[in-house]
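Each in structure tokens, the structures are laid out below.
Look for chain A in each of the two complexes below; its partner is chain B in the first and chain C in the second.
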Partner chain A sequence: MALRTTTVPAVPAVPARRLRLPRDAALGYAMLAPAGLLLVVLVGYPMIVAFTMSLQRKLIGAPVAPFIGLDNYVTVLSDPTFWIAMRNVLVFAGVSVGVKLVLGTAVALTLNEAMPMRGVIRSIVIIPWALPTLVTVLIWMWMYSDIGGVFNHILMGVGAIDEPLLFLGHPVLAMVSVIIVNIWRGFPFFSVTLLAGLQTIGAELYDAAKVDGAGIWARFRHVTLPGLAPVMAVVTLLSTIFTLNDFAIIWLLTRGGPGNATDVLSTLTYKVAIRGLELGKGVAISVLMLPLLLVLIVLLTRFINKREETA
Partner chain B sequence: MTTVRINRRRFLTVLGGGASLTLLAACSPTVPAPGSKPAAGDAKPAESKPAAPAAQAQPTPAAKADAKPAGESKPAETKPAQQAPASQAGSGKVVTFWGRQQFLPESNAWFSESARMAAKEGGFEVKIELFSNDDHLQKEVVAMEAKQVPDVTMTTAGALWYQNGFALEVQDLYDQIGRDGGGWFEAPEKFSLMNGKRIGIPLNVEPWIFHMRKDIFDQAGVKVPFGSWDEMVDGFKKVTKGGFYGFGGQMTNPDYAGNLLCAMMAHGGRLFDKESRPTIDTEKNLAGFKAYTDLFTTHKVMPPGVVQWDASGNNKAWLSGQVAAISNTGSTVLSMRKDDPQMLRNSVFSAWPGANGNPPVTTADGFMLVINKGPNVEQARQIVQKILSKDRYPGNLEAAGSYWFSVLKRDAGIDFFTKDEWNKQIQQEIIPHAQAPFAEGGRNPALDDIGVSAVGDALQMVVSGKTPAEAVKFLDGKAKEAAEKFKQ
Partner chain C sequence: MNQVAHVDATGRAVRASTRPVTSVPSSLRRERTIKLVLRSLVLGFTGIVVLFPLYWMLVTAFDPPTLSYSAKISLVPTKLTFAAFAQLLREYPFITWMWNTLFVGLASTLAAVVVGTLSAYSLSRMRYPGRGVLSGLFFLAYLFPSTLLIVPVFVILSSLNLTDNYFGLVASYMIFTVPFCTWMLKAYLAGIPPELEEAALVDGATRIQAMLKIILPLAAPGVAAATIFAFTLSWNEYLYAFMLMTDSDKMTLSPGMTKLVFGDIFLWGMIMAGATMMSLPVLVLYFIAQRFVVSGLTAGSVKG
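== the complex of A and B ==
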């Protein structure tokens, strides 16, 4: 069924316009109201409550929560653990997203070529992304284990090491290990999206480039990359936001350890707010994540708006 | 295809009408008022009730059921009390019972069945929810914050419940159950106290059992159980060779109460005093902390992987034959009983050897709290009483394998504990030394707090090259912070 609104019959010009415009605006606002209400209830209100809580000495379950101003922020910002977590989250997100972008692009380019069983291979590539995080992490945890773990078994089998490597017990190895899991889980998102982007680049552009004598690298640089850039930017920004917020992989694999070697802001928030029961302080850590996320969200929104304007 | 035109007024009218109907539908009651008869048969309301928790669906094993009076378990197995029509539920009250899942389904089933039997006898309904150990604390703290609490909970966070004003003082119930049960053991007596108040009812003792591989130590000419700490260290050194290690103890947070804390207590240390004030930075605690961490750093009798082990790390190391000794709860005894009886026959159990001649054993516990916020206090007390009653509790101890030991003197002498060789060792050699992690004091939220991660952080400090003295000072600071945090 097509839904149309009837046009208002012609009436004397000035008063009609004065009446018509506000009515249209009112209708527009009425249509937007449910979505706006949802945003206010589901996003605005919790944010205000959270911010208020970050100004209180709020312990979970405690009947009273005294107002303490910015004390929670001062405490958090003067705690070295917060800065370790901040550094870790930047390393974790930076390396993960960078590798996912490169790997995802390579896989997308490969899958865009004609090859036998291309459909099956494309489906297989999506599996890591489609698997539940818990399942993925448990499998990797077993593979990393020093007792019966497949990596150590292989490395010891070929004589590369004499005793098991502590993939999750050594500060550097643990960070590398959680990054690998994040990459493994996240690169199909890049591949699939970039593959879709690749398919929108017209074959005639490649043909023209070939006629002009462009080689593979020149075609990639001057045709593929410019064609893919918008998709790449959006996917990279989205993935950065997801990765900065990633909690499950790190928590399930290392609990932020050893020590604080893999603690990121989300795990630290959980430790402080839920396990440490200091809800106010934990919320303050979350609030301190906001500027980082806000920059990315603004970038993403601007980019999308710009694309829409160009289109 | 036809095109239907509607004007704005009509569109808004339809939209408004639809929204009003939706609101009305959402606000209408979905469950008939108590006592009212369903219009279309009795079956439907029962069908629409939520499915019973998994534990309820698990059948009690025949062997266990046969050992008990048949009339107790069979009817409830086939027709859980929850599925009874509301009109037969007497008071119409629904009591919510939260618990921790145990290792054996039989134990969960028995435990749940006791609660359902109490409900049946009392004419109310009970909704049982059992959470895994990993989820349980989080569920509880969120419930406290949201004030959406159960009526009774089996918990490890008793101090927090009480601190936040949710726990009913239950001295009268405690006395009554104690009288019926031949008295309480000493450790459970402490478990249920906080600031001198009886804040809950002990359910079970889960002692940390020092496991030793007799066959391995025999081959090395080492006598077990060890007579002293030094003997133990020598023994570990003798059996450590080529990827096989003397001792599998975590250098992480999990299981610290059965490992690091036992070592500190073995050297006379205590984390808190009788008034629950932190007393961590002492010579005795430092000696214990150093003795424990030396096993890893100096004597190298622990596998390198202990720095990344979770709570199951020592279980896996023991069961896979990677270590000659561990300290663990009865879960490993359970596993061996089921899957590797030969290994069980090669095992010896004792308390930790005491450096000062006094063997230390800390013990975890099951502990039930009646929540004072709500209308179902009396029903909750009935459930607690039933679980610990003479007709139900011994069966639960047996169903739990070697994981639960009795809090009541009456049931320490049941055949399961006196005739089974391994349980007998635990009951005679370990239980008498069992004490709560908070030792002489009562339940203490600051202890719970440092147990969440600070202890593991202190151990990791030593792994990363800091001295035990620095780590103990750090832990002391964290305990003082925690004590300050929980000051009212």
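== the complex of A and C ==
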């Protein structure tokens, strides 16, 4: 019940009371300074370097990097591979996040019921999310394998297929396979967070709905869903941002292949910048993802601020 | 399999028995059964989906290793051996990789928790011009795509001769641990009512004393959660380690493990043995600290 103790007492009127604490600007800035300076050096500076590089013909190993304006962006935008990667990343993120939301909600609703060993079950559900991504990817790569892979073994054993499927070698199947791994890794985050959201919905709302004769579905539709919607929005946006940036799962499983079938913007960036030695052009690819991310981040900030106001 | 069949059977039985009666007790009973069916379905499905890959990792790791993994597959282990583990430890500096990962993880976590606690306190408790904007910038840094940062970070660290260097790797991990700790602790602190602190100030304590003696003890679960999360993020990190560490003796687990994979032969027994050892510390940490983890996660994303 750790959840309850930390979420519920949080609500009462913090903003109004905060005014009573004395104003202490100098100390405030001083306490913020170490983290702030670190981020200026570690995030701000590389960001400026990235933007500068995207305007240069910057090659690995070349001594000079001439300024070429927006040439890198023009090249990237007129390259069909970029648009394939853009479409792929939208499919990858859209399907992954959609399934994670549904699965995560189902698991959260289940765990919200009283049942024996709930704590243990909850710990088990968190496992995929706690596991190192690399470990997850290696396990799935081994299960997907056409040589000795357990999925092919089972499918052939029950007679569903005659010869091994190339889970990572067929364009559509490869996309499905990487999406499944992303879902496996990501749904626990939805479950745990939505479970915490569920526990803030008052039992009296459910009792009232029951008295009014609402069935399971009606209660879900009119009590649970509205109560959970704000948390859902926040988790979904967060997960979308992280899924759009995913690199390790796709890179390790398929290298963006076969062909460009599973290339997303992050793998394309790596291929162009590091493998292809064209740093400037590679960085331009990931800069082009920023507008979409910024929209999501602004939306997310709004949702969070709204929650803080209503809380 | 058994579970699914059982669930189907009850589902059918319920529909048949409730059709003629419409009184309250039977509708309640019906609802209870529907819930039970749904719950069993979700739990059974999730259980299999979550646990099977782990089971398969362990089976492969403890099976006697062979060169050809195509010949025989058995869904239950035939014989348990530590041969794959022994081979891994003999042929690769796996233990060194683990120590390196531990060291880098602890360094980037401790630094991040200290500066993150200070900045979180400042952002959630002090009032000064620009606080909202600064708070937003920390959030932005937390969500900023590492795929955009990795190329410039790689270029900068190369030019400073800091690749294959722990200082460089720890610094690059602080790119995500610092904003993460700040953000999470800020959310946690927002849930602690300021009355206690006010009282301490009225009694003549300084701001720093109030923070250290009153707020920090109350925020301990949040700090614990932030520590565990930041450490796990570092331990599990792949991209920066893969790009920055190429020297086998200095490597951390992520790039080290990929050395096992991208040889010409996939020795799955050994790879899964490595995967087991890499997962164990974080899983143990999560089970021990579950209470903190869940409450911390909740503070971070539910309350925002």
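Everything below uses one rule, namely that the second predicted complex is superposed on the first by the 272 of 311 C-alpha atoms of A that agree within 3 Å, B and C clash if a C-alpha of one lies under 4 Å from a C-alpha of the other, contacts with A are read in each partner's own complex, and residues count from 1 in each chain.
In this section, contacts are C-beta pairs under 8 Å (C-beta built on N, C-alpha and C of every residue); 3 or more make two chains touch, one makes a residue touch a chain.
All figures in this text were calculated on a predicted structure; none of them were measured in a lab.
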item	value
Touched partner set for A:259, first chain B, second chain C, both or neither	first
First (chain B), second (chain C), both or neither touched by A:62	first
Partner chain in contact with A:192 - chain B first, chain C second, else both or neither	second
Which of chain B and chain C A:293 touches, first, second, both or neither	second
Partner chain(s) touched by A:184 [first = chain B, second = chain C, both, neither]	second
Which of chain B and chain C A:148 touches, first, second, both or neither	both
Contacts of A:276 with chain B and chain C, given as first, second, both or neither	first
Between chain B and chain C, more extensive residue contact with chain A	C
Touching partner for A:225 - first (chain B), second (chain C), both, neither	neither
First (chain B), second (chain C), both or neither touched by A:27	both
Common ground on chain A, meaning residues reached by chain C in one complex and by chain B in the other	2-3, 5-6, 27, 145, 147-148, 274, 279
Chain A contact footprint on chain B (complex, rising order)	3-8, 11-12, 137-138, 141-142, 144-145, 160, 163-166, 243, 252, 303-305, 307-308, 310, 313, 316-317, 320, 322, 449, 452-453, 456-457, 460-461, 463-464, 485-486
Of all residues in chain A, those that touch chain C in their complex	2-3, 5-7, 9-10, 12, 14, 17-18, 20-25, 27-29, 31-32, 34-36, 38-39, 42-43, 45-47, 49-50, 53, 103, 106-107, 109-110, 113, 115, 119, 121-128, 130-136, 138-143, 145, 147-148, 150, 153-154, 184, 192-193, 196-197, 200, 215-216, 231, 234-235, 238, 241, 244-245, 247-248, 252, 265-266, 269-270, 273-274, 279, 282-283, 286-287, 289-290, 293, 297, 300-301, 303-304, 307-308, 311
Interfacial residue positions of chain C with respect to chain A in the complex	31, 34-35, 38-39, 42-43, 46-47, 49-51, 53-54, 56-57, 60, 68-71, 73, 75, 114-116, 118-119, 121-123, 125-129, 131, 134, 136-141, 143-156, 171-172, 174-175, 178-179, 182, 188, 190-191, 193-195, 197-198, 201, 207-208, 221, 232, 235-236, 238-239, 243, 253-254, 257-258, 261, 266, 268, 271-272, 275, 278-279, 282-283, 286-287, 290-295, 297-299, 301-304
Contacting residues of chain A [partner chain B, same complex]	1-6, 27, 30, 59-63, 145-148, 163-164, 166-171, 174, 254-255, 257-260, 271, 274-279
